[in-house]
Amino acid sequence: MNDLFERISTSFHAQGLMQTLGASLVSVQPGEVQIVLPYQKALSQQHGFLHAGAVSSVVDSAAGYAALTVAAEGYEVVTAEFKINLMRPAIGERFVAIGKVVNAGKLLTVCSGEVLAYGADAAAAPKVVALLQATIVNVKY
Amino acid sequence: MNDLFERISTSFHAQGLMQTLGASLVSVQPGEVQIVLPYQKALSQQHGFLHAGAVSSVVDSAAGYAALTVAAEGYEVVTAEFKINLMRPAIGERFVAIGKVVNAGKLLTVCSGEVLAYGADAAAAPKVVALLQATIVNVKY
Amino acid sequence: MNDLFERISTSFHAQGLMQTLGASLVSVQPGEVQIVLPYQKALSQQHGFLHAGAVSSVVDSAAGYAALTVAAEGYEVVTAEFKINLMRPAIGERFVAIGKVVNAGKLLTVCSGEVLAYGADAAAAPKVVALLQATIVNVKY
Amino acid sequence: MNDLFERISTSFHAQGLMQTLGASLVSVQPGEVQIVLPYQKALSQQHGFLHAGAVSSVVDSAAGYAALTVAAEGYEVVTAEFKINLMRPAIGERFVAIGKVVNAGKLLTVCSGEVLAYGADAAAAPKVVALLQATIVNVKY
């Protein structure tokens, strides 16, 4: 498992965009990866909420890395396509993107994802702000 | 037309994420908006190409603003959902995201989008790296 | 609950396509609807498997009716869009489409769906052949 | 070209669902396929319009066959996923589904599609009732 975390972490830190957004890898399990993104004004849309592009960026990455956790040796992954529903305004102090493998084929892996918004009240339940469904391709390198 | 550009431009500049990515609004026509994004390492994925999240961010914004150009007075827009195909590695010096209105309903506007990659060779034709289909909601404010 | 089943059932039986496909409504709960579709050659694609169009038809209907179970009085629903991953060949004797509400807004309801394939062996676990994510609009009638 | 039409036509006629729906192949060009579907009550949803499932079935098939026209020798195609926007009620006497190749990769082909509705008035312009974006996989047989 430590090896798995390290493998994903090395790739994650090589993603300039994840550093620019201020995202961190928080959990790597076989078939599931979580990324946290603290809110900052620099990631906002015009009303000050988290921009759909930032929401999409972290959950696409979480889904892609979830697929990577189940890819065969010698393969890496690229996102062929994803679809995301932005179900409510992304208002919060901290966002957690969760990517999960739904079906791992030889060639294509289908993942689902969601983004949870956490507010200032630590006791309050998070709200699901986005729902994703993605197709990831295994590519030999 | 100038009024239209100004209206979109004001909203665009209020988007922290567009500033953080270094994106600019280049063209606003009724039903079509173009955004340019110069490549920088800070927007990359692990291989140095433009991250799918950055690609998605600019083309989602272009589609949303295209919808806004045809929205009725007193309405603004939010993206309900989008689907994007990342058709080839986003390699280039400069990317142009084009959002277009396909169908404008009273409540929902359907937009298509694409992202073109331009390389160092100014004479070379750009490559379409991504294709988007989005559903935008008109919201009274 | 009986009222709910009857309300959905009346609409379901008015759908010519569901009759033509041979689909039946098997379960209606608040937020979840199940439809069963027995395999027949008349619904096949070129290899004899269940056609993606038939798969999509029943799971789109299941998702739409799931949304209807949570719609306010005086509203009906229409599917604005859906996205479906056809994860493996739809081989089976009987298919069960399950639609579930993920988020019910005032205007839009987001549903997920899946299609399970059951074979001749009653003891064998079904296989998930398709995964759906849909946006349903509440419309006043 | 005649060979191409014949190759697609043979596969099309082996699709039980296309026969059941009453769909016909009308045009096969490299990268573009058209299918026509006459309206009948047996394909309706609860208001008598063409069911979204029937709309999806024909345009998914048109997109898949468009991909097949550009697939390499010895390959056939399967739809990995598609996303469809149902932009207006599918009211008409006759529907034409058009599938087009947007990008043909070695492994994956991205297609767009649309469904046009034609009414009784032959002089009237058709209405675009649905817009599709699909990912098709090339599979060696």
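Each chain gets a letter, A, B, C and D, in the order it is written, and its residues are counted from 1.
In this text, contacts are C-beta pairs under 8 Å (C-beta built on N, C-alpha and C of every residue); 3 or more make two chains touch, one makes a residue touch a chain.
Since the structure is predicted, the reported quantities are computational estimates derived from the model, not experimental observations.
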Handout entry: Joint neighbours of subunit D and subunit C, given as chain labels
Key = A, B
Handout entry: Type of subunit A:subunit D copy interface by residue overlap (half), same or different
Key = same
Practice task
Would you kindly tell me how far, in whole Å, the mean C-alpha position of subunit D lies from that of subunit A?
Solution key: 33
Exercise for the section: Quick one: report the Å distance separating subunit B from subunit D, using the average Cα coordinate of each chain. Expected result: 28
Completion exercise
Multi-chain contacts in subunit A, i.e. residues touching at least two other chains, fall at 80-81, 83, 85, 110, 135
Completion exercise
subunit B residues touching subunit C in their complex are 80-81, 83, 107-108, 110, 135, 137
Fill in the blank from the handout: Given the complex, residues on subunit A that touch subunit C span 83, 85, 87-88, 102-103, 105, 110, 112, 128, 131, 133, 135
Practice task
Under the touch definition given earlier, write down the residues of subunit C that touch subunit D in their complex.
Solution key: 11-12, 14-21, 40-46, 51-54, 56-58, 60-61, 78-86, 89
